[in-house]
Each structure stands twice: as structure tokens, then as C-alpha cells.
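There are two complexes below, and they share subunit A, which is joined by subunit B in the first and by subunit C in the second.
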Partner chain A sequence: MLFAIDFFTRRLAQGAIIVVAIALLIFTLLRVVPGDPVRLMLGPMVSATVAEETAKELGLRDPIIVQFGRYIGQVLQGDFGRSFVRSAQGGSTGGSRGESTFDASNRAPVIDLIATTLPYSLLLAGLAFLISLAVALPLGIWAGLNAGKWPDRLALYLSSILVSLPNVWLGLVFIFLISAKAGWLPAIGYQNWTYAILPALVLAVELIPVIVRSVSVSVSSNLLEPYVSVGQIRGLTRRRMIIAHVLRNSSIPLLNLLGIQAVGLVLGALFVVEYLFNYPGIGLLMINAVFQRDFPIIQAIAIFSCAALVVVNILVDFASTTIDRRLQY
Partner chain B sequence: MSVGGTKILDVSGLSVDLVMSGGGRRPILHNVDLSVSHNEVLGIIGESGSGKTVLSRALVNWISPPLVAKGGKISYHGRNLFDLPPDEMQTLRGRKIAYIGSDPGSALDPTVPIGQQIIEKLRAVEPGISTSEARARVLRVLDAVRIPSPAQRFHEFPFQFSGGMMQRVLIVDALVTNPDLLVADNITQPLDVTVAAQILRLLRDLQRDFNTAIIFVSSALGVLNDIADNILVLADGRVVERQQTRSLIDKPEHNYTRNLIASLPRIWEAEPVTTAPAEVVDDSREVILSVRDVYRSYETKDRERLFAHKVVQAVRGVSFDVYKGDNLGIVGESGCGKSTLSRLLSRLEAPNRGQILFKGQDIAHLGSRKLLDLRRRFQLLLQDPYNAIPPHLSIGRTIAEPLRIHGGLSTKEIAEKVASTMNEVGLRTELTDKLPVGLSAGQRQRVNIARAMVLDPELLILDETLSALDQVEQGKLLDLFERLQNRHGITYVYISHDLSMVRRVCNRVAVMYLGRVAELAGNEATFFDPAHPYTRALLSAVPAIEHKPYDTTTYLLEGEPPDPIDIPPGCSFRTRCPFAFDRCATDDPMLMKRSGEDFAACHLVSAGHSAPMTMPAVNLRGP
Partner chain C sequence: MSQQAIVQPAPGKPAKHRSLGANIFLQAAGAGEFRIGAVIFVGVILLSIIAPTLLGLSATKFNVGLKFSPPFPVEGWVWPHFFGTDQLGRDLLVRSLIGLRNALMIGIASVIGMFVIGSAIGMVAGYVGGWTNLILMRITDAQMSIPVIILAITILGVTRPTPLTVILVFILAGWPGYARIARSATMSERRKEYVRAAKILGATDLRVLLVHIAPNILPPVAFVAVLDVARMMIFEAILGFIGIGIQPPTPTFGTIIADGTKYLLNAWWITTIPGLLLAVSLCSINLMGGALERSRNKILQGVS
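Up next is the complex of A and B:
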């Protein structure tokens, strides 16, 4: 118990520093790339003086560190700012309407945009993890228990094929074959949960080879640990040693993999896949925000992703040290 | 050779082959016959490669590919184990025939508490037993093997146990089902001598209480001498001799056995062959290395307290002087701080406190430039000859490396120096351009020695340098060290756990216990008249076939050294000392002069001998 308090206090403090550092990095990068957000908000028809005034009003001409300080202050109060582009009623406004002034109160709060899109993404990511674990765990364990024999090679070849399929291409093939041609599953947009299946499959294809490799390697190396053969001399069956000990100890590398690689991988792939399927999740929100240079949304999603990675890793480390007490974090 | 009682296990004509990848076969065991009776302890001795581990596993019918049984039978109470169906064999193996291996550290799942794992086994081989019943039985046997506070240790993980305690846990695991045969494969080999002696004593007591027959496999005759009734000698997979223990040692019949016994190093029946001066030190000799009240500790995370660290006290106030031309032996068991001390002496680490003076200069606080200059004069040789040599450099280049680092010599001079040094340590000059791959352990160690010698050092620190080598190679290198000493007047510090080697070559011996020097004395005094109870306990525990002046029943108590994180007040040895009295619990004894050049950190010395004299930090010889 004391260890848990010690652990979480230390790790959350470290995590907070990481998140702030990443936030500063993204904040700075966004402001040094070419393209004035004021132009995007107000459209090309607005005169230079009006644009300059609006920019000053929004604080976009202050030094970056001042802007960042102001931003962090707001974030701590739960305010991630308002979208530059999206109106509160939904839909993107942009400069096309030719408004001469920028009315901030008419724009959607970033936190609301994220709150509406996040559940869709969680559904998609959860489904992807479920599918990939359901396929990769049995395959990986089977390969690991038969290291060097044909199941191991089969798993390796299968993984090699899956890992070399580009997700953009695979998504298009799925849409064309499974949705357009066969009509088995819906593909574009979202009306009910079945719309998440195809994009989840694309994500799973990316995850499966990584998990299979990790599981098979750790199962086969754990199987070679002396305690496994000694256990059988002690009178336990091989089956018992595998179920109660080998699989349990193999879960540590898997947890680490899921924490570090898989979450990162899914975060990255989510943007592509949601855009491809026009799936209304956080990835689509992000992609559109990037196209529109909608800084507040980009910043907020980046900070959330980073925080999610940090938290997942802390949980993974805690789970690992609980399973294997030799690990010190 | 007649054995009373009923035969439990009778092996006849057992042959086991190793199937090689090409399909060829190499015999590992050839026509082995043996039998064990009720209550008998049968010792099996064999060198590495004699097939003794394969034999001990074959005895529990555990022959797995690439090994195959070629013939013979193992009958247990008249039933041939080879004919039993696998599941019947499986339960018999855990329940009636138990096996303990030589590596206690990796025998159990490191992530599950030990109590849970023993219960798991108990329930697997005795399906009817309830969890609470199993738990009670495990606790009872944990208590029987004298593990302190068994109820608490039941919930601890394997890595929280020392090697000796873990071996006790495995004895519990083996005996909890009350088997009638126990196969113990070299179980004391990785343990320190005092711990190994405790385990042997424990096993003897348990054998009596549990009425278990034991097959005790070992590579040390001294160990078998302490426990076995009869000894069977295994060489090259064949049984060459079987006799009662005493008569085997006194009157070996087979040539192999005779050579084996003759080659065993002796402690008390042998004379030192060192070239170092006898123990009395005259005032004219120079102090080359002076260690003055040196401390070193390390921090680890404390799980029980918030944001806290535990401090492991590895070396706690060590002082001694080494005179030019001395062979100082530093002995002690694992965890006594001798490796930390070697890192401090060779200045791989700086002490937290205290001074280490090499020819009057404090190496602990020397700048890197000056330290580099001084390093020419003292060199460290480590145990592992494989990882100490870069595999991608030619041997000549490796030996030349120190000369290049220290500079000042032309390429030609370097080549000449390397050649003459190689010659001196017994490496053929043709090896100069070869890579070290394929060199034997002994040859590699010679490369290490040459690399150190090429700088003409005055002091060599040998940290278990010869421990990885076999008897013969060890003898050759000791001769080499002696020659180098004669020619160059080198001083040696031997850090070792091997008491017979120290007896042979060292003129002075420092015995370390829990980060301190417990006794510092000349060779004769250390081995024949030690003053510190720990030295006597250590000597009593050495496995030997000769007559020992100190007896384990008197000098060796139960228990292990205290945790270096939490050292009790008073004398740190008092928890294991048979002579401890009131004062030992409160006063921490300093090294005190006994006589001449002999010192011991024990209150009994000051009580027994004339006036106690605390050791001066600067000059060990006193006023």
C-alpha cells in the first residue's frame, strides 16, 4: 500500500513534467510553421489591418512563452480554448462567409468537441484491441510453445504479411470488397456500432503482428527458464507449469508492449483510419484541425494523447511490478 | 560393502546416450549399477563431465531429449520405473522420489511466493489434501529445516532468500511429501562453506527424522566425507569403485580414485610454498599499500517507507597495511565485502570515508592525471577470463593496450616489451597476431596477467583470479606468480574464498566478516591458532578429507550473517558466535593485537591475553 502511494506520487509528478514539456514543444512548433491562423479564421477578403487587430485581440502577437503561460493557466481551469474555425452549432465556418469580425463566443469550445468525438474513438480502439488480442494471443502462445517448429514459422510468415500491408490501401480494399461489393458491413460515417467494425479490423491488422511476435518470444524464453523443467521433476505437470507460471510471467512483456507501442500505434493509425472511413472520432477531428490550422484543437488533442500515454505507462509499470516483485520502478 | 535394510532403488545396466544433431550417438552413462537401501546415504562423486547430473536425473526417470535411455532398468521397490505409465511416474516423482538440484536460485518461479509454490506441488501430488492442511504441513517442515520466522517467510518471493535459505526451501519442497528417496544433485556447490556445512548437518538430522534414503551427488569428496555412508566413484559415465566412505578415502582401490584423492588440496597436512617472507615482519620493509578506516555503502529503494532508501553497508571501517613483497590473502564468504574492497583497492570506486594510501599517496582523492600515472604501479586481475579480453583485438594488441595508454614508448619498443612479457607469462609469441577466440581459460588468464605485467606493476590485486580454473591450471599459474615475485619483487593481494589456496601461497591472511576485518594474522596463526570465533567456524566448515582441528558441532552455529542493511549493535558476529557474552551485545570490538603481527576483533582476545591494545590506524605494528 505504501509502495503504491510512493509509486503513483512519484510517477504522476514525473508524468506531469513530461506532459507540460510536450505541450510547450507542440505549442512552439505550431507557431513557427508558416500560415497565419487569422487568415484562416477570417478568410482572404479581410483587410490587413482588421486581421492584425483580430490577431492582437486574440493574443496571437504576444511572445510565445507568454501565450503558453496564458494557455496553461486556462488548461488548468479545464478550458482548452475555442476552435478557430468550428462554430458552436457544429460544422465548420472558416473564412468563406466573409465575416469582417471574429466573434469568439460563436466558436465551439475545444473540450466539447473532444467530448463528443472521444467515445467513438474509444469504441473503435477498444474493438481493435479486442479483435487483435483474440487473434494474436492464441497464435502467439501456440507459436511460443512450439518455438522453431512449424506453428512458430507460420506465425512469423503471417505476421510478416500483415505488417507489410499499408493501412490506407487495406482500408480502401475493405471498403471496396466487404462494404461496396459484398454489402456485409457498413463503412462510411457512423450510425451504429457496426460502423466501427471495418476500421477496427484495419487497426487490428497493424497490431496483430506486433503482439504475436512479443507473445511468442516471451513464451518461448520463459519456457526455457530452469524452473519450468525443475517444476516437472518436482512433480508438477508440464501443462500446469505452462498455465500457472509461463503464461503469467509472459504477460509482463506483453503489458509493456501494449502500454508503450500499441497505444502509440493506435493513436497514430487512428488519424489515418478515421479519415479514410470518415469515422467521426477524435482522429478525424484532429486531421481536419490540421488541414484548417485550428491550433486550439491540435494542441488539446496532442496534450490528451500524451497524457493518455503517460497514464497508461504508469499503470502498466504498476501492474508489472505487482506481477514480478523483482522489477523496481 | 554389505548394506543392511531393504533396497529402495536398484539400478542395473543403466546406459544413457546423447543423440547429436547429425544423428550420431555419444554414450554419457555406461552400464551403471547401483543400489540404495532404506536409511542409507549414498554419495556419488564425479568430476564435471563425468555424467553425474545425467545420472541423478535418470534416477528420477527424467531423461529428456536429446538424451535417451539405451538400456538397463531402474527398479523402485521392485517396479521398473521405465515401465510405469507417464502419469503414474509423474506423481511418484514428486511424492515418493524427490529431487533437489544445484541451482536453488532458479528452481522456483521468481514471481510467486515460495509457500504458494510448495502448496501447489503438494496438491498436485496428493490430490486429496485441503489447502489449510497443506499450509499447515508446509509451515511445519519450514520450521523443521530451521528457517527463521517461517510464517512470514512463507509469503516471501524466491529472490528475497539467500542461496542457503533457498536451498532449505527446496529441501522443504522435497520432504513435504515424506518421500522415501531423495536425490540431491550437488546441492552445496553454489553455497558458502559455512552455509554448506549447515545444510549438510541439517540434511543428516532430517534423514534421521524423516527416514529418507539419500543419494548425494557431489564433485567434492570433502563434502561426501561429511555426509555419505558409502561412496560410488563415477568417471566417464562408468562406475569405477564403490566403498564405504572411510575405507574409500583411506584405501582407494582404483587408480582413478587414488589420483583424485592425491590431487585434493590440503590445508592442515600441507606446508605453504610461498616465496613471500615468513609472517614476522621486520621494520625495514616498506609499506606499499595502507588501507585506513575505509567505508563504502550503497543505496537501494525501500518499498516499506515513502520516498526512502535503504543503505547497504558493504565495507565498514577496514584498516590494514600491506608490506612490499607480501602475499596478503583476503578471505570471507559472499556478502562480506571483499569484492567491494577489491574495487576500492583498485580505485574503480572511491570510498565514502577513509584513505587508501599507495606508496604514501591517497588514491581515493587523486586527480585523474596523477591517478593514471600511479595506476601503472598497481593492477587488478579479475575472475572471468572470458569477458575481460576484447574478442575483436589480437592478443598482442590487447597486451600492448596499457603501454599505448600510458605512452612514451615507440612502436618497436612496445613490440619488444609485449614479446618479452608474453614469453615471461608462458604465452607463445606466435599468438601475438591471433584473436583470443579458441584460447583456453588458463591461456586467457595468462593474457590478462601479461596485460597487467607489461606495465611492470609493483602490486597486483587478484580478485578470485584463479577461481574459474581447474586444479592443474591453478597450480601452474600460482607457480607463475611465484616466479614473477622472485624476479620483480611484486606484492600480491589475493582476494579469494578458497582457503586451501590461501593456505598455500599467502604469508598473511585477513578474514572478513560483514564488511570488517575480523582477524588479521600470519598464515600459521590463521590456520592453526585463530583467535576469532568466526575464523574457527570458517575453518570447521571447510569440506576436507583430512583431520580438521576445529569441529563444526562446537564452532558452527545455525544462522546466517545479519543483513548489511540492518546491522545489530555490538559485535556483528555475536548472533552466530558460540562464545558470545554480555559485552558482545553492546560493545563493538575493534581489531586488537594478540601477539606479534596477529590481530583479532574479538572481546575474548582482550579478555584472555595481556593488555588489550587497540590497533593504531597508521602503523599496524603498534608502538
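Up next is the complex of A and C:
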């Protein structure tokens, strides 16, 4: 118990520093690049003085570090600011409609936008993890138990092929074959959970090779450890040895992998896949925000995804030390 | 296990004759999947060098009379447009081959960049240790917690993307991985006898790092970097698809695929066939890279 408290305080403190550093990096990057968000909010027809006033009002003319300090202060109170272009009623108010439609208090709070899109993304990611684990775990274990034989080769070639399929292309092929030609599954937008299946399949194809490789390597190297033969000499059956000991010991690298690589991979691929399928999740929100230079949304999503990765890492390390007490973090 | 039998040095023959890099490469070259990958890869490269001139086609020339011509086995295809033509009558075979060249160039350049920068920083961190090590490694920690795509779309979405900025973004996103590997390898080499001997003989730190440590730790890392070339090529296609990669009229896989989405139902080949070429090329690279990675693991675990 003491260990757990010590572990979490130490790691959470480190994690918080990392998240703040990332926030500063993204914040600075967004402000040093060319392109004035005020122009996007108000449209090109507004006079320079009005644009300048609005910018001052929104605090966009202060030094970056002052803006950042203010921003972090707000974030700590749970306020991620308001979108530059989206109104609270949905739809975007940016563009050429002039100053009359622009109202600083009518813009959607970023936290609300994220809260409405996040469940969709979680559904998609969860489904992708389920599919990929259902395929990759049996295949990986089978390949690991038969290292060097044909199941191993099969897993090797299969994962080499899957890892080579670019997700944008695969998504379009799925849309064309499964949705447009065969009509088995819907593809574009979101109406019910079946709309998440095709994008989840694309994500799963990206995850499967990573999981298969790690599981098979881990299982096959554990089989070579002395404890396996010792257990069998002492009268445990091979089946029991594998189920109770080899698989348990192989799960540590798998946990590490699922935490660091897989969550990172899914986070990255989510943006592309949601954009591709026009799936109303957090990734589509992010990509649209990039096109509209909606800085508060970009910052908030970058901070959220980075914090998610950090937290997952901490949990994974904690789980690993609980499984194997020899590990030190 | 026949794979191992072929490549392991026969007993009696001095095993240390070749360098570590050569050993890894030769062992990998014996593997079946490496050969398959190499044959496909060389074939695709030759095709991309020869085919555009041989067929006398241009990647950007319009021919509206020939638009939406289907690919080879489909009825109605026109010689010599094996991959068909797109909405402007441009030949898709030549476009995708040029796109492949661009993707390969970007992939290789960015991986070389992240390898050089990452290894240099990692080696310094591992060799000097102390505060330098701590600070550099915390920086890599921080950077590894941003997904590449977020970094890329944040930077490229708000600046004007050129091949150089795309490469720079990939390098920025990719160096921490290499820094970590190089650091841990350097830390374990630092205490070995040959390093101490070199120091006693009066070698400077820079000389020890470049002449003695680098040749021992970098080849294994470099071989695994082959897999990253394929990853970067996929990222390049993704960026092009979103519209923040290299801009038209330069053909890249991303822009070709994005162009084709509008015509997916009528002219399915615009998107699918060039993508298939990309997938095949990536697969060949991945097969080679995977074989190199496995032989590296085998040799490193076997020798040391």
C-alpha cells in the first residue's frame, strides 16, 4: 500500500510536468506560426481596427508566456476556453458573415465540444481493441508456442502484410467493397453503433501486427526459460505450465505494449480514421479545428491525448510491478 | 530451426572475422522473407526508374479525352495505361511511380535525419551522464507522449507544407526513439574495457564516442530503422490525404488517393490501384526490415 502511494505520487508529479511541457510546446508552436485566428473568426471583410480590438479583447496580443500562464490557470480550474469559430448551437460562425454574427459569449466551450465527441471516440477505440485482441491474442500465442514452425511463419507474413496497409487506403477500400458494393455495413457519419464497425476494423488492422509480434516473441522466449522445464520435471503438465505460468509471465511485455505503443497508435490513427469515415469523434473535431485554426480546441485535444498517454503509462507500470515484483520504476 | 543452421557460423571458423553489421546483414539475407522483400523492392524501384521514360508518359500531363480509362484487365482499358487514368486523364501508373519515388525520398531522408540526430543526442546523454542525461531523457519522455500525427497536423496544418517541412516534422517526431536506444547502448558500452583502454591511451571523449563506441552500437539500430522508413511513408500518405502533405501538382500517394475518393463509386481504380502499389512496396520494405530486426535480436542475444 505504501508502495502504491509512493509510486503514484512520484509518477503523477513527473507526468504533470510532462503534460505542462507538451502544453507549452503546442501553445508556442500555434502562436509562432503565421496565420491570424482573428481573421478567421471575423472574416476578411472586417476593418483592421476591429480585428485588432477583438484580438486584444481575447488576449491574443499579449506575450506568449503571459497567455500561457493565463491559459494554464484556466485549465487548472477546468476551463479550456471557448472555440474561436464554433457557436454554442453547433455550426461554425467563422468565415465571411462579418462581425454581426460574432459574439464572444456565444462560442462553444471547448470542454463541451470534447465531452460530446469523446464517447464516440471511446466506442470506436474500444471496439478496435476488442477486435484486435480477439484476433491477435490467439494468433500470437499459437505462433509463440510453435516458434519456427509454420504457424510462426504464417503470423510473420500476415503481420508483415497488415502493417504495410496504409490506413487511409484500407479505409477507402473497405468503404468501397463492404459498404458501397456489398452494402453489409454503413460507413459514413454516425447514426447507431454499427457505424463504428468499419472504422474499428481499420484501426484493428493497424493494431493486430503489433500485438501478434509482441505476444509471439514473449511467449516463445518464456518457453525457453528454465522454469518451464523445471515445472514439467516436477510433474506439472505442459498445458498447465503454459496456461498458469508462461502466459502470465508473457503478459508483462504485452501490458507494456498495450499501454505505450497501442494506445499511442490508436490515438494517432483515430484522427485519420475518423476524418476518413466522417465519424463525429474527437479526431474529426481536431482535424477540423486545424483547418479552421481553432487554437483552443487544438490545445485542449493535444493536452488531453498527452495526459491520457501519460496516465495509461503510469497504470501499465503499476500493473507490471504488481505482476512481477522484481521490476522497479 | 533450419533458418538458424544456415547462418550461424560453422564451428572452427572464426566468428569475429566480420563486423557486427555485416553479420546481421548476412544472417538476414539468408532468410526467405528478406529475399522475397528484396526482389519485390528492387523490382518496384526499377519499374519506377524505367517505366515513365519507357512508356513515354508524363505524370502531370492532362488528356481529357482519355479520362476515367479503367486499369489493365478491365474491359475498355487503353494501351499503355495499365493502371488506368484519373479524372483529368493523367496516367495513374506513372503518377503512382513518381509518388513512390517521392515517398521513398521523404521516408529515407527523414529516417536518416532522426537516426543521426537521435543517436548523437542519445550517445552524448549516455556517455556524459548526470544532469545532461536526466534532462535529455525527460525531453524524450515528453516528446514521446505526443502522437506523431498530432504533432504533424498541428505544425503542418498551420504552416505551408513543403517536402522540407514534412521531413523536418518527421525528424522532430521521430528522434526521441533513437535517442533512447542509443543512450542505453552507450551506457552499457561506456564501462567496457576497450573504452577504458582508449581513454588511458589518451583518446578524447569525442574520439572515443565516434571511433570506438559508435561502430559498435549504431549498425544494429540502423537496421531496425528500415522499418521506420515504411512507417514514415505511410505517414506521408496520410498527411497528403488530409491535404497537409506535399502540395499538388507533385504526385504523392496521399493526393492521388484523396483525388480518387470523389470518384470512388464510378472510378474505383483511382484510389485503390495506386494504394495497392504503395502497400506492395511497403510490404517489401517491411519484410526486409523485419528480417533484419530478427537477425539483429538473434545475434545480439547470442553473442553478448
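Definition applied: the second predicted complex is superposed on the first by the 326 of 329 C-alpha atoms of A that agree within 3 Å, B and C clash if a C-alpha of one lies under 4 Å from a C-alpha of the other, contacts with A are read in each partner's own complex, and residues count from 1 in each chain.
The definition used in the following text is that a residue touches a chain if its C-beta (ideal position, glycine included) is under 8 Å from a C-beta of that chain, and two chains touch if they have at least 3 such contacts.
All of these numbers come straight from a predicted model, not from anything done at the bench.
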item	value
Partner chain in contact with A:A302 - subunit B first, subunit C second, else both or neither	second
Subunit A residues touched by each partner, larger count belonging to subunit B or subunit C	C
Partner chain in contact with A:T237 - subunit B first, subunit C second, else both or neither	first
Contacts of A:P166 with subunit B and subunit C, given as first, second, both or neither	second
Touching both subunit C and subunit B, counted on subunit A across the two superposed complexes	none
Footprint of subunit A on subunit B - complex, ascending	57, 60, 62, 64, 90-91, 93-95, 98-99, 101, 103, 106-112, 120-121, 124-125, 157, 159, 173-174, 177, 301, 303-307
Subunit C residues within the subunit A interface of the complex	1, 3, 33, 138, 141-142, 144-150, 153-155, 157-159, 230, 234, 237-238, 241-242, 244, 253-254, 257, 260-261, 264-265, 268, 271-272, 275-276, 278-280, 282-283, 285-287, 290
Residues of subunit A defined as touching subunit C within the complex	14, 17-19, 21-22, 25-26, 29-30, 33-35, 148, 156-157, 160-161, 163-169, 172-173, 175-176, 180, 264, 267-269, 271-272, 275-276, 286-287, 290-291, 293, 298, 301-302, 305-306, 309-310, 313
Touching residues on subunit A, where the partner in the complex is subunit B	2-3, 5-6, 10, 225-227, 229-237, 240, 244-245, 248-249, 323-326, 328
